[in-house]
Amino acid sequence: MTDDAAESLIDRALRNVRVGWRDIARATPILRAGATRPDLPEGDADDIRRQMSECLEGRGGEVSARARAAALGETYLGLNRTGRKRFLKILAHDFDADNAAVEAAARGLTEADGAAARKTALVALRKAVESPRTRLLTQFNGLPEGVKFLVDLRAELRNFVGDDADLRGLERDLKGLLTSWFDVGFLDLRRITWDSPAALLEKLIAYESVHEIESWDDLKNRLGPDRRFFAFFHNRMPNEPLIFVEVALVDKVSTNVQQLLDEEAPVIDAESARAAIFYSISNAQKGLAGISFGSFLIKRVVDQLANEFGGVRIFATLSPIPGFMTWLGEAAEDLDSVLDGSDRDALRKAGQEIASADQLIDLLSSGGWHDEKPLAKALKRPLTRACARYLLHAKQHQGRARDRVANFHLNNGARVEALNWLADTSAKGMAQSAGMMVNYLYRLDRIESNHEAYRGKAEIAAASALRSLAKD
Amino acid sequence: MTDDAAESLIDRALRNVRVGWRDIARATPILRAGATRPDLPEGDADDIRRQMSECLEGRGGEVSARARAAALGETYLGLNRTGRKRFLKILAHDFDADNAAVEAAARGLTEADGAAARKTALVALRKAVESPRTRLLTQFNGLPEGVKFLVDLRAELRNFVGDDADLRGLERDLKGLLTSWFDVGFLDLRRITWDSPAALLEKLIAYESVHEIESWDDLKNRLGPDRRFFAFFHNRMPNEPLIFVEVALVDKVSTNVQQLLDEEAPVIDAESARAAIFYSISNAQKGLAGISFGSFLIKRVVDQLANEFGGVRIFATLSPIPGFMTWLGEAAEDLDSVLDGSDRDALRKAGQEIASADQLIDLLSSGGWHDEKPLAKALKRPLTRACARYLLHAKQHQGRARDRVANFHLNNGARVEALNWLADTSAKGMAQSAGMMVNYLYRLDRIESNHEAYRGKAEIAAASALRSLAKD
Amino acid sequence: MTDDAAESLIDRALRNVRVGWRDIARATPILRAGATRPDLPEGDADDIRRQMSECLEGRGGEVSARARAAALGETYLGLNRTGRKRFLKILAHDFDADNAAVEAAARGLTEADGAAARKTALVALRKAVESPRTRLLTQFNGLPEGVKFLVDLRAELRNFVGDDADLRGLERDLKGLLTSWFDVGFLDLRRITWDSPAALLEKLIAYESVHEIESWDDLKNRLGPDRRFFAFFHNRMPNEPLIFVEVALVDKVSTNVQQLLDEEAPVIDAESARAAIFYSISNAQKGLAGISFGSFLIKRVVDQLANEFGGVRIFATLSPIPGFMTWLGEAAEDLDSVLDGSDRDALRKAGQEIASADQLIDLLSSGGWHDEKPLAKALKRPLTRACARYLLHAKQHQGRARDRVANFHLNNGARVEALNWLADTSAKGMAQSAGMMVNYLYRLDRIESNHEAYRGKAEIAAASALRSLAKD
Amino acid sequence: MTDDAAESLIDRALRNVRVGWRDIARATPILRAGATRPDLPEGDADDIRRQMSECLEGRGGEVSARARAAALGETYLGLNRTGRKRFLKILAHDFDADNAAVEAAARGLTEADGAAARKTALVALRKAVESPRTRLLTQFNGLPEGVKFLVDLRAELRNFVGDDADLRGLERDLKGLLTSWFDVGFLDLRRITWDSPAALLEKLIAYESVHEIESWDDLKNRLGPDRRFFAFFHNRMPNEPLIFVEVALVDKVSTNVQQLLDEEAPVIDAESARAAIFYSISNAQKGLAGISFGSFLIKRVVDQLANEFGGVRIFATLSPIPGFMTWLGEAAEDLDSVLDGSDRDALRKAGQEIASADQLIDLLSSGGWHDEKPLAKALKRPLTRACARYLLHAKQHQGRARDRVANFHLNNGARVEALNWLADTSAKGMAQSAGMMVNYLYRLDRIESNHEAYRGKAEIAAASALRSLAKD
């Protein structure tokens, strides 16, 4: 399923939500309709402002509040892109914390005399910094599909933000709200199987972002007896996976993802498996970007598998290296650092004379080089060496690994275990990492020390073979 | 079931929790044991401080964090009353927001120049006012029974607070946390029936605080076919009711609670009912004191009953008047305002000469006067008149009704409908309201306007007969 | 999905069953292995006989009996087609009721003197006619998947029966057993939706036998908001539909099945629907052939829809006419009865000279005539007239309608309502009924009288337009 | 709860059923009302006969059949005891198998010539011996609570049967029907806990027949963490236990039932238990008398506990000896066989001169002897010896143990393990077995051989100490 298909899935769901909310709003006849013109021209904006204010005044108690939120949400859903951006801008700008009040409270604190007075002033300050817009957004949580609405609203908002300081503030407030609601302590880990609802499985097909699910048969294969598929859920979005991970139970560490995904491959007896390979992790909700569950998910799944399968001793990933080719394009500016003399000789023999970074990148981009055996052979040494260097030494701010997948697993306490040549020869795999993939190894007794060393001293744990390769 | 029995119920549950947490903590062998002496002498306090710090440092990622929280919680549960108070004091005092940082951020804001700088300063200030102790408490939400633990912790903490500013601050933080988690939008309304788990029903027996449930047969009667019993639940405390309401489906508005609770009374066909009487509302969690769900519960239940039973047109309560006798004791200082000449004559004929407030109160406190018909008859006029005045005119701060039950229903938009003589002749009923009870009426089309009038203008909606009685 | 795919689905399931049963059998170590050669040569047959006898002796109580049944079933599943037929033959022949005992009991009854003696003799006779093979088969009901095994066993057995009297007797016994277990009183009606397990939906794709489900999207369309999909289930085969029916909620009676199945067709609001069209009914279990649920299913679904959708007043089918073309081939031997002079003229103008039954049938079989407008127009009158006659007058034994679908609905109390020209232009629809389909109408207040008239007097209820057409 | 309470529970349930059935019947307006006078006088009997006939004719298909059955059942439930007996008599007598048809079919078989003809005749005979009354009863299975109705009907019928041959025949047919429906293969084993519905637990209180459950606290104790409580259920009576067993997890074999039931006794950690003691097994449905599940239940529970608790090595009962005192009354006619010289001496010293069976029985019946230590001491030797003899040597028909509980466990393959002195000093325990109880031991590896020896050779397995005691 394409992005478009996934969008239309959401669209249809939201249309139903809107109808449901209209019913809720109509049950409280005092509510006047909000704006109806889809691009929310300035004349209608005042209506919206009034509607928002009324939501906050809380007249008529909490049940009416629910109806008001439904009416406001329904209005939002009826707007087009322009209208929605205006709507959010009003909410962001007109319902931020009251500047004067905050400053007064801040002054109150700096001028407070004595511990008791300071404490009282702090309480007042805390109250003053809370924004009305956050309180307003909170009211949606009690509506059917209301939490999902806020998640999707944030996804939309992130597209609108740009460098608008108001919208950025609103986005931060909403993120804060969602962060507290989606605390990992509130999430449920559920195994997904071929007995799960088709409506849920359809979403997995739409949301998978690492190795696309090409058909229902492909999905069924990933849910087979020698596979495990887990996702986190939140009880207010019970039919929406937040993040999911796909695991293969195998004899030994997997080195090729096409083999893993081959529907014709024989099924092994899960009871005899010795290794669990995490071969895909996808975030499913754009509106929860930056709120991290991945680390927790992997460790919970490792725990569960270790309990269920006594024979499984190895927990590792088969991971993409999304940033390698981009990095290589930069690194190859100093071509000698990438190709030494013997590499060039080997390439020449395979019919390729490489004299510049551009030539190298052109060659690698030209698809299909991996089918030419002599050429592939000549490229293996320089590319795996470069990739080992990339993974072990390329850094971004604060000593973090430059590759975002590497950074994720290293931060979780894994180590870089092995590099796999021609492990993902799909177009995407060739384009991002010249077909290479990497195994990250999770050793339960090393997770904490690896994590500490990485966070504290920017030390990257790696197998010695990889270290040697990088030094080569 | 007595309070003691309810406490022991909780105690036993907590003992199990503690064992479970110990197991979680032990699975992470790096954790050193915390304090073990139950009263937490000063020597052990440093260990606790260190344990708390480590929880906050988040070393080892979220899974370790969970184990640390479990170990810390287990330590707490192993302490006695003295130890627990010390534990909380450490948490409150040593892990509050950093004063200096808050002041700096506050100063940063007051000195910020321009809108953009102010926004940045506001973000920094918001971060600074968050207390570490709140973050630490949050970590319990992921533990089994962790949310219930925090709720019970707050119940305990409220007993300790006194005028300790630190503990009061901690209590406020915890209340804030629970308020966001227990937002009504996150609660589930569930009907409770005789088919509900005995373990749940047992808790209702323990928690009912208006009209005590005397036996399983009494409870079964309250769950009969002409009754409805609803409670709010939170998905992280699935077996713990938060608040519950008991409703009788009847032909006409009930005027006597003993009749309602009579197990021998005939069962009516719910389909033919014309009125739904809310005769008991109990908060079940002391640790959620001050976080209000009652209003929302009543309206949700009214909605649900209106949908299910088309014939039910009247929604009303049969409510206690908990503050009447206390108020009467004060009001009767001016005896003439309570008893006029004809009242005294009537009383004299019934053999009672009342010359002072004390005499009146003594008479009413002497139990059993309601069985003496002439005396009861003589008391009816002055007491109902006084009670009408109490309900309609006795105010507390901001024009709120002095009676807390009256205030609750008036704030919800109900009106005072009728006063019922000898409606609750239990010892408790006689002692708090001379046996009188009151009906509050919920008319769906008046709820909002009643609420507005009460909140805005301190106007109390009441039936005209009651108004006349109060003016009498 | 093809028949082969469906078979392989069953095969894989049975392989798992076999492994499970082996485990059960092995837990009782006294059991000796049965035959192991897959074609069950005569030498192994005695082992099987012995195994069957031991099952019946019931040594070691019911738990051992379960293990013995598992071992015997596992043996069966390990055999090939030849072996299985031999296995069933042994069971049928060697474990039938004891002839001599039955005859003795029969004689006992004919010779009994007096009412009491006759009753005693009857009891003895009833016991004697029960066959051991039935008792043996019963023992499978307690095994996991045991009931499904017996259903599939009967499907297999029906292929083997031929004119073998023993196997026919065994088949009848097994049918009797399944008939009592699958009494409609024991079945559960469940609605199937897009939220149902994928593993279940996959089976519907395999089992649909009227209008093939071509893809998951096709299925999803049939589960859309303006559709209903119901199936009967048995609690010992909870994941296996027994029979299912597909219903479209529409504005008016449907006259074309391709329109109904069009995935691009707009979805209507089910609440506004005025008619419910039953457009497909499929039996899912070959092993339950001859055990009828269809009538009960339709009436239960009509009841349920009538309750759910007050606006739906019309319940009708859009049904195939599977026997029309075969009948027409026979009827057209007397060509004048099918084509009158004006029909021939019209056909001649459309370029077709029809002089014999064979020519007519050849023309109709030649696919694609329906796209030639003049030809199709010329054929409409004679074909619809012939079809009306077929439905209303073609009879089989006992006055039943010759068309099996017609017989099913007429027996249920429906009436023949309307004939639809070019209503199913799929290859199958053209081949079996020249593209025509028929609506059967279920009027709740006529069902009983229609049924009685059909069963008692062979009267077929039909709309007057159809009667006229048939008489034309 | 008393028998009366249990009856009234059923009565109330049946009243609801009757109302439900009336609704079903009324939905089919063609049905005429049956008899309405509660004692069913002869004039109304014809109406009933007609109603029954119409049920069997099956006019209007299966849905109407359901309505007819509901109407007939409603009529039955409206009758009093006299009327119900008449109703059943009509059903039994007028709807038995047709005598003439059976005889003709029997003759057909005896006269059949050749194997094929015999098979055909057998099929015809099988059909002829089926009684219409059985088919009619079957129709109730599809009604709500219909299966429970038939079970209760049989309980009632068993009270009516006496020596009425018709009713006995009907009872046998109904038993046959229920036997096939309640085959152990169709039953579900469910664990019952304090989290089970109160409505279910209430029934356990009513149905327990070995050691009465005296209160909800008593029941809660039996559902504690060191206890297990299992029952069999049938999916058409999901809220009705069929049979249940209570198990205590203990350190060593229990020898006293009052200790087991003591609510104040300390709870042990189930994980450390070494023995599982089955201390109560109760059949819950009088209408399923003679259809045995007990053996299967014990073995299933043993299996489940063996899986759950690796440390439990001993599975044994603590069982009553219901027939001992009755047997002793007979055996003591030969007083010397019960009391030898030294027994009499000891009794004399304890102040009791026993010269006849009557004196002995009087003494034992006089309640409270067990509190007199010297007397109890003097009685221990002769009573335990007599009891050992009773259990090991007292036989009924076919070599079965005379004690019905002993026969049940021996037939299951258990052995008599130990006799416990003053193990049940309740009034019931003293009256039936002079306070003694017995342990039966289930050794998994001996169950089959014990069962065979008991069934085949009437050999009773027993511990050697008991054998010695019996020989003493």
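Note that the chains are named A, B, C and D in the order they appear, and that numbering of residues resets to 1 at the start of each chain.
Quick note on the criterion: a residue touches a chain if its C-beta (ideal position, glycine included) is under 8 Å from a C-beta of that chain, and two chains touch if they have at least 3 such contacts.
Since this is a predicted model, take the numbers as computed values, not measurements.
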Original post:
Out of curiosity, which chains are bumping into both chain A and chain B?
Top reply: none
Subject >> Reference chain B; chain at largest CA-centroid distance >> reply: C
Subject >> Centre-to-centre distance between chain D and chain A (centres being mean Cα positions), rounded to whole Å >> reply: 61
Original post:
Can you give the whole-Å distance between the Cα centres of chain B and chain D?
Top reply: 49
**OP:** Would you give the residues of chain D that are in contact with at least 2 other chains, written as numbers and ranges?
**Re:** none
**OP:** Identify every two-chain combination in which the chains touch.
**Re:** A-B, A-C, B-D, C-D
Original post:
Where on chain D does chain C make contact in their complex?
Top reply: 30, 59-64, 97, 99, 102-103, 105-107, 109-110, 115-116, 118-119, 122-123, 125-126, 129, 138-143, 146, 165, 169, 172, 180, 183-186, 235-236, 295-296, 299-300, 303, 412-413, 447-448, 451-452
Original post:
Touching chain D in the complex: which residues of chain B?
Top reply: 193-202, 216, 220
